[in-house]
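Take a look at this one; I'll ask things after.
Per-chain numbering from 1; labels A, B, C and D assigned in written order.
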Amino acid sequence: MRREVPLAITAIVGFALIIVYFIPHPPFNHSRDFFEDLFFIIAAFAIWLGCLNLLKVNADKVYLKKKGWPFSIVVWFGFFLMVIVGFWEGRGFMNPGTTFYYLYDKLYYPLNATMFSILAFFVASASYRAFRARNKEATILLIAALFVMLGRVPFGYYLSSWLPEGWRLGNITDWIMDFPQTAAQRAIMIGIALGIVSSSLRVLLGLERTFASGE
Amino acid sequence: MRYKNLRSSLVLTFFLFFLILPLSQILAQDDTLPPPPPTEVKAGDTPNDNGHSITITWKLSGDDGAGKKNVVAYEILRSESPTGEFVVRGMVPAGNNTYQDRGAKEKEDKNYFPPHKDFYYKVRAKTLNSYSESGVAGPAVAYGQWFHIGKLPVFVGTLAFTIMVLAFISLARKGKEFYVRPLAGIDAVDDAIGRATEMGRPILYILGLGSAADIATIASFTILNRIAKKTAEHKTKIIVPCNDPIVMSVAQETVKAGYLDAGRPDMYKEENIFYLTSMQFAYVAAVNGIMLREKTATNFYLGKFYAESLILAETGSVAGSIQISGTDELAQIPFFVAATDFTLIGEELYAASAYLGREPLLLGALKAQDLAKAIVMLSLALGALAASFHFGFFLKLFTVQM
Amino acid sequence: METIGIWIAALLTLGIFSFLYKDNPFYKFCESLFVGISAGYWFVTTFWQVFMPKLADNLVAGRFYYMIGAIFGVLMLLRLFPKIGWLSRWSLALVVGTTAGLYFTRYLVSNGMVQVQNTIIPLYVKGNLSQTIGNLVIVIGTFSGLIYFFFSKEHKGAFGGLAKLGIWILMLSFGASFGYTVMSRMSLLIGRMDYLLGTWLGLIH
Amino acid sequence: MNFLEKLLALDRRIIFLFIAIAVALPLFFTVKLHIEVTPVVRNLHNAMEALPPGSKVLVSLDYDPGSMPELQPMAESFFRYCFMRDLKIIIIGLWPNGPIQANSALEVILNEPDIKKKNPKYGIDYVNLGYTAGNEVVIERMGSDIPVTFPKDYSGNKTEDLPLMKGVKNFNNIDFVYNLSAGYPGTVEWVLFGVDPYKIKLGAGNTAVQAPQIYPYLNSGQLVGLLGGMKGGAEFEIATGKPAKAVKFMFSQSVSHALICFFILIGNFAYFATRKKKGA
């Protein structure tokens, strides 16, 4: 029961969905949408698991007075602030003018945008650290990055305006993006496709079943 | 004498020509004259669908793109009997010669399109202020199909691949040994764990932002299981902060199983595998904090990653951790390659579970992948050659209609 | 309200940026607040945008087969009770089976067959040298890239040479992608700086 | 540790500081950069120049604050251009945030001296019809009836009562459509559900990350023109002769790119110099 039923469910649902892909006739043509909905519904339930875990871990920290426990109170505060206001507002919770939207705009958004923009700094430090011409591969990586970086801003124009039209940095950038970039992406994509198809089969056949492991 | 006549008739023709030309132009402006109607109207079931649609085709009116060039659109009309009242179902701009008359599949819907029912169609060619109608086509019946012919290549591919996988797995079961070439990222795993043990610092394992059902995450679970087993043997702490509640549940089970395999279930600590938040950057903000505060010796990033990949990798490098990464997210591979020590690129991530476990069955599936890859490469080479000689057969083999 | 909001937003922005210097309590505060708020935000959004429309509305409309979703959802929650926690694996199995089944054909088509289809292109385009070279690069590049991903054979000899070419093409592409993304990442920072210097401090217009 | 070795192991905080300065400082200056207007942007500008004054343009803002740095300048330059050319603007959003973004862009533009002189009036020169849920279905419905799809405007007025909307029934009464897009639904949907069935004239602005996916539609002619990322926005501003935010941001962009390249170069210089020393 503990092992067999899950594996059977996986196999039956999975293979059925593969077969259904080829059948346009009702009612099979909508079954894929239905199963996608099921997926979202289960995830919506599972969120309780996550949030309870988050609250518990932080409550433990406060209770045991672990290092940095006051910050756990901040986590609790933030969580309940959003949840209470969000449920108070009802279905139109994200409409402009609501308190929830205000919290989103003044708390969540700036934090999120700033964390995202930190990438700009890290792009710089990573380039400095990683783009060293240690060997042939690293040199190719470095040169392609330099060309594209410069080719995309007016600065690149100044550097290469003495070259004939068609050979400037901007043109080289376009060429790299159109051809070698496409080729490499395709090779990876085809590899990924085969890998996913094979892994899906392994899962459906019950060969890869770590997800159903335990006692 | 005869020449003179000829000359005067030529002059006359010229004169007439220049008189008639503007006249004909003026006449052409007169849109009250109906255009020639569309001809050869045919109506029939739309192939490869769910049975709520009929496709109508016709030959363009003589004034569409030719003649007076004044046809602007076609209206498609439908009736339940050849002599009954025809109602407009849709309109397409001039130049088009097909229309799919579609409707809703729900009976309650206002726009319900009943299958298995006779319908008759007419097509109307419209100019700005007149129109002409074609003859009646039909009866046509809409019905659903049981197999989508356009997806035949996919069907063949599915079947062929499944057979290959099964064949290699049965070979593996019979005890055939398979060779796989070494992968740098995999070889580094043991060293990385050893390093953490020597330094007495924890290992951080990030499963990415994918759901528990993403193939990248599933591959990562298998790798996590092997790594957890090794950390249990080395008595090294492993921290797994999660982005998805279901992923957290599975990760707990996976690590527990790894500790069990190592014979150290007592060392398993559930509080080290926990949920943070499902929002990308908040999750990263917290993981950044963990890296710096716990001073993790080794960081694994295996699974689905998005823009946060570089934030993780750079913070990890600040913390001085050895970093092993792997993802199938195309846009993030470059960042991992540049900023971490070892990267499993795309397909290598899925292969990693087979590599680490050395289970013959998984290696068998890997072999099937390679065979499929060889077939693809052969098709590419032959296909490109065929295309160079304008030979389109090969392309058709891979063309899927949706 | 708006002014207070701008000040809070600006301070939080600075708090996150302070991490770039080093880990500090100000950052820890922002981080904890961020984690709490985002988890709450996720909880609320999922309720109103997934749970209600996909489950409640369908049930109200009489599509009772959506109860299956509710049942498996509840099974998932049984993890909270160790004794019957193993039942949650049934929901997990459903989720995994669904995705494996959906991904199988989806990836086979869009990542596999469509890409192969797009790569079957003429190697020689009459009177267009740059297109001819480009097409050659695409076909040879894809081919050698796939060689690199071949697991069954060691990268030696002519095979190894092709695999090497494959790596070079991959590296060229990685470098280009990296450089290409720099632009949009910088845009993000410019946006934040504009907020701090313009909207908050009013130094630039 | 000599200078080169120090350079090799440069504290990244120094890099961070330089980046912050490289981005912030140029924001205080207005520098005339040579920005070449590429054909895809030129085409968009030409198509809009061809519209006679009084033409009705529909603009759909399909993005949220996350893409503001790239797309907001495009929205602003578009509004400025329309007001200057006396084109009538109809604003909608397929993303809930779109109409809000439009309002904040309008706030900026309506306060510019040149535009103040023109004194555009709400309801006559521009309207904001707000957001309607339904993604690409909204486009389909607009094809048959715009007032039914957007019965009320952003502030709750009846769409039919707005003078600008008199005689606007569907896409036949719209002369040009402009779409600012950060993902789904966005430009791809406007092409598939607007251009293909209704033959609307469509121009678009996209984030830099998204733009490469849109290029195929340009080559096929389904899209009149495209602004890709901040650079596209800057090009449009140059094309219209009104350099503004995107051009200004572009200076920051240029300086920071150059700085990163400079860092890569000195990093390599230090790397080779120290290696040579060790080898010797």
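Definition applied: a residue touches a chain if its C-beta (ideal position, glycine included) is under 8 Å from a C-beta of that chain, and two chains touch if they have at least 3 such contacts.
Small disclaimer: the values here were computed from a predicted structure and weren't measured.
Visitor: Farthest chain from chain A, going by mean C-alpha coordinates, please.
Guide: Following the centroid criterion, the farthest chain would be D.
Visitor: Which pairing of chains gives the most C-beta pairs in contact?
Guide: Result of the pairwise contact count: A-C comes out on top.
Visitor: Taking the mean of the C-alpha atoms as each chain's centre, how many Å separate chain A from chain B?
Guide: Roughly 17 Å separates the two chain centres.
Visitor: Could you give the separation in Å between the centres of chain C and chain D, each centre being the mean of its C-alpha atoms?
Guide: 23
Visitor: Using the average of all C-alpha atoms in each chain as its centre, how far is it in Å between chain A and chain C?
Guide: One centre to the other, that is 3 Å.
Visitor: What positions in chain D touch 2 or more of the other chains?
Guide: Correct list: 12, 16, 19-20, 23, 209, 231, 253, 256-257, 260.
Visitor: What positions in chain C touch 2 or more of the other chains?
Guide: Chain C, residues with two or more chain partners: 16, 19-20, 28, 30-31, 34-35, 37-39, 41-42, 76, 79, 92, 95-96, 98-100, 103-105, 108, 112, 116, 119, 139, 142-143, 146, 149, 170-171, 173-175, 177-178, 180-183, 186, 188-189, 191.
Visitor: Residues touching two or more other chains, restricted to chain A: which are they?
Guide: If we look for residues of chain A contacting two or more partner chains, we find 18, 21, 39, 42-43, 46-51, 54, 68, 94, 105, 109, 111-113, 115-116, 118-121, 123, 125, 127, 129, 131, 141-142, 145-146, 149, 152-153, 177, 185, 188-192, 194, 196-197, 199-201, 203, 211, 214.
Visitor: Flag every residue of chain C that touches chain D in the complex, lowest number first.
Guide: Chain C residues touching chain D: 20-21, 180-184, 186-191, 193-194, 197-198, 203-204.
Visitor: Name, in rising order, each residue of chain D that touches chain A in their complex.
Guide: 10, 12, 15-16, 18-20, 23, 33-36, 65-66, 96, 100, 212, 231, 250, 253-254, 256-261, 263-264, 267-268, 271-272
Visitor: Touching residues of chain D toward chain C in the complex: what are they?
Guide: Contacts found on chain D: 13, 16, 19-20, 23-24, 27-28, 68-70, 207-209, 229-231, 249, 252-253, 256-257, 260.
Visitor: Please output the residues of chain A touching chain B within their complex, sorted ascending.
Guide: That would be residues 18, 21-26, 29, 39, 42-43, 46-51, 53-54, 57, 60, 68, 111-112, 115-116, 118-119, 122-123, 125-127, 129-131, 141, 185, 188-192, 194-203, 205, 207-208, 210-211, 213-214 of chain A.
Visitor: Which residues of chain A touch chain D in the complex?
Guide: 94-96, 105, 109, 112-113, 116, 120-121, 123-125, 127-129, 131-134, 142, 145-146, 149-150, 152-155, 157-158, 161, 170, 177
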